[in-house]
Structure formats: C-alpha cells, structure tokens
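Note that the chains are named A, B, C and D in the order they appear, and that numbering of residues resets to 1 at the start of each chain.
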C-alpha cells in the first residue's frame, strides 16, 4: 500500500544474509576453524593458479631421476626426473575436485533418502533403510577395487564410486535428525496451517536438517580425499591425471624408499594430510557453532 | 534467639561464574544466605537466575566451566570452598549435606539397579557406617518409609519405575546417612498434580520427624507457601529480599517479590485476584544491567537505581530487602 | 484431534453444525484457518530457520487469504503490534533464537490469531514460561477473547490458572471427561472424587490458608490409557469405591444447571 | 520378545542378507568387462586354441542363469568353486592362512585402538578444557586425517629402511625353518608390529573423539552430579557411572565401522605385503578370478554381519533398557 511499507519490506529482505554474517562472526572466534579455513583457501588458490606457481611442467622430465632436494628442484625429482614440487602442486586439483564433488553427490543422495525415510516412515522407511543398511555393510575399498576394474579408471568413475559408498552414513544421520524434527510442534503447526508434504519437506525439514549435518558433510570431504588417494595408491587412479595417491603409488612401486630422494614419499603425503586436517578443523568449528553441546537451551 | 551456634550453613559473599571465551556468566553474584538447624529455607527465583548454581557450589559439583570465584560457604565452622576434595567427599557430601535433584528421572543412573545406587552412598563412606548389613536394612526401612515396596523397587532398574516412584527413591536415598541438610532442587516439577502433592507431604513429614534442615530450590510459589519457614528471593544472580514465610507473602518489600507473588493465580480467589503484569524479561547474566539489576522492569524506578546497586536494608528482625525505596536519605 | 490433524476412531467433531471429518476437502480448506492452536513449548513450536515475519505470515500465504504482498505485510504488522512485539520492524527480521521465551510465545499467539480464527486450542500456553511472564501472556489471550470474540479451549493441569482464565471447565481422567460445568461452581463444589482430590492437592500461594487445608490422598498413580481399568476408570484409586464401580462404567448425569458428573455416587437408583 | 526369539529372528535376517549379497555380488562380478580367458589371452598366458577349452572348464560357456544356480549352490555349501588363477578350491585359498592373517592384523590393531581410544577419551572429557584435553584433541584430528597407507610407507621408510628394526614385508621371514612354535610366533609378531601400529594410530583418532564427545554429554547428566554429591570418589564416578553409559554409543559405532575396517586392511596389506584377504581381493580383481572374489566377499560380509549381530547383543547386555524387538 504505502511507501513506508515498501521501504520496510526492503529492510526485511535486506536481512536475508544476516544469518550468514552472524555465523561468520561467531566462526571467526574459533581458532582451529580459522586455521582450517585459511588452509583450504590456500589450497584452492594453489589448485586454480597451479600453472603460475609451478617452476616446471609436471609432465616433463626436467632433471635426472631421484635427485635429492636442490635449489633447482626443492623437493627433488621422481623416477622419471620430473619435479616433485610441481607434481604436488598439480595434485591439489584432483584431491579438491574429487573430494568436494564426491561429497556433494553423496550428500544429495544421502539427504534425499534420509529425509524421505524419516518423514514418511512406515513402508518407505523400512525399504529405504534396508537398502541403506545393505550399502553400509559393503566393505568400501574391496568394493571400489572391483568397481574400478569394471568401470575403468577415470576420474568420474572414482567420484561416483566414492559417493556410492559414502552416502549411507549421511542418510542415517539425516533420517535421525528428520525424525527428531518431525516430532517438534512447528511441523504440526505448519500442517494445521494447511501446508502440503512437499512444502513441509523443503521449507521446514530440509532447511533445518542441512545446518545440523553440515559438520558431518564437511567431514565426509576428508574421508573422500583419503579414499581417492587410497584408490590411486592401489594403482586404480586415473592414469592421465596427476594425483597425490598416484604419486605415492609410483614412489612405492619404483622403490623411492630406497632411493636418495625420500621426499618423493613424504611431500605428497603431507600435502594430503594437511588438506584433510583443514577440513576436519572446519568441520569441528561448524559443529561447535551449529550443535553446541555446552549452550543448553535453558541454562538454569 | 539468633545465636551463632544455631546456624547450620552460612554462605557469605559467594560469587560463582561460568567462565567462557564469549564472557563470564555471573550466575551467583555476591550472595549471602544462612540456614539454621531444623529449618526449611526456600530459595525462589525464575529459570536462569542462578539458584541451581548456588546449590551445586555448596557441594562443589559445578558443571564445566563453572567456578567459585570468591566467598565462603561455612558449614559447622568449616569453609567448604577451601576444603580438600577428599575431605569434602568423606565428611560433607551425603554424610552431612545431601541433595535431591531436579527431575528424579535423570538423577538415577539408567544402567544400575536401584539397590546398587542406594548402597553406593554407604559403601564409599565406610567410616560413617559400622555395619554394611545394618546399612542395607536401613535402606529397606527408608524405602518403606517413603511408601514403596522394597522387594519390588530395590531390584529394579530406574526405567522400570514411574516418575513418582523414582522421586520417592531419590528422597529415600538422600536420607541414607542421616544428613543435617538436604538440598532439594525443584523436587516436584515434572510430576503430575496429585503426585506432586504427595511428594510435598512426604518431605514435610520427614522433615518434622527427623528434624533436618531443607534448602528448597524452586520457582513454584504455591509449593513454597506450603512448606517453607523462611524464603530468599533471587533475581539475576543476586538475593533481592529475604524474610519469614508470612512476611514474604503478606508484606513483600522488594518490587520484584511483590510482582512475582501477585502474578501467580490462586485457586481460591480465581478471577477476583488481579494479577500484576510485569514488563520485560529477566536479563542475561553475561552483561547484567548496571545498578539494581531489576531496574529495567521496576515500576518504581528512580534515577539512583540505574547507577548504584542498592544496599541490603533491614526492615525488621529477619526481613531484609535490597532496594533503594527503603533507603532513608 | 479437535483441529482435524488426527482422525478419531469414533465420534464427531462439530464446527458450526458440521462434522469436520465428514466435510469435503474444499470445504475443510475454506474453514481450516478459523480453527487455530497455540502450543506449550515456544522453543519447539517455531521453526528456528524462519524469520518472525515469515512464521506469522505462513498461515496467510498457505490459505491464500490475501492476494497482495502489501496486504499480508500490513496484516502481519498489525498483529505484531497487537501482541506487543513492538516495534514490529525490529522483530520481524529476527529468528526465534534471538527472542526470549515470552517473546516466542507472543509470536506463536500472533501466528494463531493472524487468520482471525473463531476458535483456538491453547495447550498449556504458559506452563513453560517464567512466573513473571505468565500473567502478561494470559492477559493477552483474554484480550483477544474480549476484542475479537475468540473461543478458547484451554488445556492445562494448572487449576489455578484455569480458574483465572476459564468460564467452563471439564476434568479429564484417563481419556474420559469425569466432570464438567461452570468453573467456579466446579471448584467450590466438586462432586467427582477425582476432582475433589485434584482440587485439594493444589497448593495456594497463601501460607496461612494452604497449611490449614485438608488434603485427600489418592492411592497409586494413573494407569496407562492403553489398558484402562474396567468399569469406572478411576475405581482403583477412588476412596469411595463401591462394588458397582468395578463392573460398570457410570453414565454422565446432570446434577444441576449444566454441572455434569460421571460417578456412581451421584446416580440414584 | 525374549532373547531366544530375538536370536532366531536375527539369524534368519542374517541368512536373507547373505543371500541378497551373494546375488548382488554375482551380478557385479559377471559385469566385469572381459572374462578371465580373454585376459589370459591378452597377457599371452594362453594359446588361442585353448580358450574355448578353458571357458568350458570354468563353466563360463553355460547360460547365465545356470551359472547363477551353480554359484548359489557353491556359496551355500561353502565350496565357492575352483579358483581360475590358482586352480584350487577358492575356500581353500581363503582359509590357507589368508583369513587368519587378516584377522590377526585387524583384531590386534582395533583392539588396541578401542582400548586406548576409550581410555584417552574418558580421561580427556573429564579434564575438559584443560591444556592436555585440547592438545590431545588436536592430536586426534591429525591422526584422523592421515591416510593409513602413507603412515605405513613412512613407518617402513623410517623403521625398516633407515633403522633396520623391522622387516620390510610379509608375515614371516622367507626361507627360514623354525625350531619351535615360539620362534615362529616371535617372527610373526615382529612382522605384525608395523602394520598393526599403522592401523592402531589411524583408528585411535576416531575412537578417541567419539568417546570424548559422548562422555561430555553424559558428564552433564544429573545422575553424574548425583553420584558426585553422594560422595562417590571421582575415579569411580568416571569409570562406573559415566564410562559405562558412554560405552553404549561406542559399541554401536564400532559395529557400524566394521565394513570400513576391512577397507583399511586392503591398503595396509598392500603396503606391507601382508598376505591377507585384502591383497587376495586385489589380485583376484585384477585377474578376474570370480570364485575367489566371490568367496572373499562372502566371507567379509559374513564376518561383518556376524560382528554386527554380536555388537547388538553386547549392547543389549550393557543396557537394561533394551527390549528385544
């Protein structure tokens, strides 16, 4: 109706990002969380600008094999004389890509299954949970080995395969959160106001479940990154791409352990572990904020 | 009449904070409180005002990250805040001061039988008990005293009993070692009305029979009216008024006490009782208001209330209110 | 159940002469917003991820009661003012966790009255709140009765509050109404042994009065409604139990002027 | 429902699950591109003419449904057919030490990780907020983010190559004859130490964190405060009251993690050339040795299901609130 109300409406929608801002304000106080976040930003930066950072083309022989660290090659060279530093920099790309994409995929499947199962209950719940349990029992790596052999070794297959074995735990978590949300009265209130199931699922359940399980989703990234490296280490990685796991595979295979350049083994592993740790830190910080065990609802 | 030897527990200038990175929650701030022998003292306040924290600090079982910052808790001439942990455990906890926790549902360990939970208090106080068998008989007798069947109850797990039964078990447990003071933290909330009445009667009878002191912590004024001898009113971490039970209800002197008492509907008076509507909400205890903590909600606010904390004013023997209204200048 | 969320095994809920479980969907959709509910726990009844404005506007949007955004906006603002969430501009962009318990309950009330209902079920709306806040919430509810003519079904275990807010009262034991009537009449002259026990066990905030009062003690604890006792459901705990109570369920009788009681003691044979 | 009915029902469920898994794994394995004969052909192991004979010998020329029936029969009689690669019954290969080796590795490492994880977690939660709690938590985060195979390689590099303290690979020293069983055991343990330590370290982080988190929730419960107020000594409160309740979620977690545990075994066995199921699966997958793969998977899943069943029973025996339903 009036100008006043239009102005106020703007103010109201202007508040849309306030939740995010507030979250960041609290997050910034968490030291481990900030360390993790900064590390991740550095890794992302490295992954994007890899060609500008690396001194050598990682695919080319630039020195003698197994040279120990020297001013030209700060971490030495591999069995083909390629620069370890450049290889490691390029490896960042695969780890981040696979880790994040596989996690997203598994989060989508897991959330969908978990929400539907928890919300509708009954037969749907029984069926979906039986399927989830079946997938939970599958031993991950042995299964991955078989699947990689069937599907072949390329990066998309690796992502799919990691998502397949990661989603059941997300599904279980989402289901239990959905169940506890479902029993809260605001869901009943929405039904009373005439909301449909789809409306409740998206506007009430999903928006509440995702923050609660965000910490565990972030943790899945660490597991996915380690899984990718594990697969590549077994020689099942994408042979056309440089990955830390593949580097370790060749390092192990060509006896880097006995060579004069043990950095060939150490550097990719450190890169891998630090990235994993960064996500663990972020997950921990998010968990402290979203699911504070200390801040009870009503402190007496 | 107020001879020093009659005082059982004397809390002086107690401060208890929850120290956190975001700021300290000043849950108990400069609190004085005394309990005499054979007396029921009620500590009344709303949720979050620090009354349970006060109870936890007496037995030194504060949850993380609570800390006693300063002050003394004198029991029988001993300062509990400075006592060695092992001595406190052996001489004070349960043997002299026992506690009934808010919601008996959660104060019994779900994976242990009632029998074992009762006996525990006895076993770990060997020096207090000469004969474990006699102690066991005492436990049976107490269970019977609170109106339960020992054969059925002692061998049960907590989840096999109803809420009222668990509350009775907890009361029996609190009396095992003949303590001199029982702290009862909201002993009747979460129980249905008729059970609640039975539990109040039970506490009242037992108190008279064996002559113990009770510190009753509650937000429920009608319950207080029924059982207490004296009342302390707590608001935002501070004691604002204390007096004997009749003075508090008939002649409250602090605006908060007055508002609190007049905001409770009465079954007898029904619609005839005009309820006071208090404005605002209790403050958070990280940044409590300056001056008198009640001033933002007080209908009689003066300028000084915003600036300076009111001193305790003695209105008559045993009736003290911390309010500028009563300070003569 | 009164509000059509769960279907009954038997019986009817009649609103303005019609059984709501027999209504057609379209018809039900049209009147649904006239029946509202206020819940006990304001920490559970508001979606933590919705802003106050959206919480209150949701029933309007879902029932398509207004067509334009401005109309909805004005309505919500008006309602927020009437529940004293002022200034509304400040409150409407907040999330529930930024509000205190009392403010949350005001939001819940605003949401219930925004559709201008005739009938509101209030399920223990003040039992989770601090004593100093209860009176103001009760006052608010009573205000809407006077101003908007709302009818309340006030569910509570707190008889003192019930007497303060209510006109008529029904006492329920194990899923059955055992006594009902005008509230003052019921409290001053209770006829069912359960009502008598209940009233005698309520403490009164007056030390002199409450200490003189005699109390009727009940045996045992309420059994579960899954397997209620035969006959009168109250007989195992009743101090006046007769033989017939174990066998037959008493009829409800009218003792005087709408005071109904369901007890063999008052049935003349 | 009583314990007996519960057990019977669970066993029936177990058999159904096994049947389902067997069918799934049959489908999955036959989907693998190239049967063994074509692979052997490429690698030049076989002469072209012999291919059909081999296919016939392995039963690969039969229609798929017939292969399935044979497969089911083999599975549920625990014979699993003849290995294409080793030309021995698959079950014999698995039980010829390989399963035993894997179990020895997993049981030692996980046993240690669980024991130390619980001890450390309980202790840290009780000392919450103190410097040792925070540093041990960061330590656990680091352990959690390390890849087990890399830890293995670095340990080999350090303790075997540089210091020469431990053997580089295998379960026993090749070509040695032992004069008695103790000598054999000593050699076996000498080989076991590095791989077992690697797994223990990695798992310790997770076991510790989950214990610490549940303990922190439990410490906040009223029954812990009650026990303390009762004058029960702190140590007893921690171990008898708090830890006993904290163990319940840990039991559930360990049950859920059993599948993950087998995964870790494959990588570790590969690094240390530990002659176990993991390595066997890896080789069998590369050479399309269906009977061995099927048998190995069946055994792993059987062990997993059995372990889940045992965890549920353990849980029920620890928590009096559990009703068998």
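A few comments on the model shown:
Note that in this section a contact is a pair of C-beta atoms (placed from the backbone, for glycine too) under 8 Å apart; a residue touches a chain by one contact, two chains touch by 3 or more.
Everything numeric in this text was worked out from a predicted model, so none of it was measured.
Using the average of C-alpha coordinates as each chain's centre, D ends up farthest from chain B. When every chain is represented by the mean of its C-alpha atoms, the one lying closest to the mean of all protein C-alpha atoms is A. Distance between chain C and chain D, defined via averaged C-alpha coordinates, is recorded as 56 Å.
Each chain gets a centre from the mean of its Cα atoms; for chain A and chain D, those two points are 24 Å apart. Separating the CA-averaged centres of chain A and chain B is a span of 49 Å.
Rounded to a whole number, the gap between the C-alpha centres of chain B and chain C is 32 angstrom. Chain A has residues 298 in contact with two or more other chains. Chain contacts: chain C has residues 101 touching two or more partner chains.
Contact with two or more other chains is made by residues 220 of chain D.
The part of chain A that touches chain D in the complex is made up of residues 32, 134, 136-142, 144-147, 149-150, 152, 169, 222, 226, 229-230, 233-234, 248, 251-252, 257-258, 262, 265-266, 268-269, 272-274, 276-277, 279-281, 284, 293, 296. Considering their complex, residues 17, 20-21, 24, 28-29, 31-33, 138, 141-142, 144-150, 153-154, 156-157, 161, 213, 216-217, 220, 256, 259-260, 262-264, 266-267, 270-271, 278, 281-282, 285-286, 288, 293, 296-297, 300-301, 304-305, 308 of chain D touch chain A. Within the complex formed with chain C, the residues of chain B that make contact are 46-47, 162, 164-165, 192-198, 200-201, 219-223, 225-226, 245-246, 249, 256, 259-261, 263-268, 270-271, 273, 275-279, 281-282, 297. Residues of chain C touching chain B in their complex: 100-103, 130-136, 138-139, 157-161, 163-164, 183-184, 187, 197-211, 215, 217-218, 221-222. On chain C, the positions that touch chain A within their shared complex are 3, 5, 29, 32-33, 35-37, 39-41, 43-51, 53, 58-59, 62-63, 69-71, 73-74, 77, 89, 92-93, 95, 101, 111.
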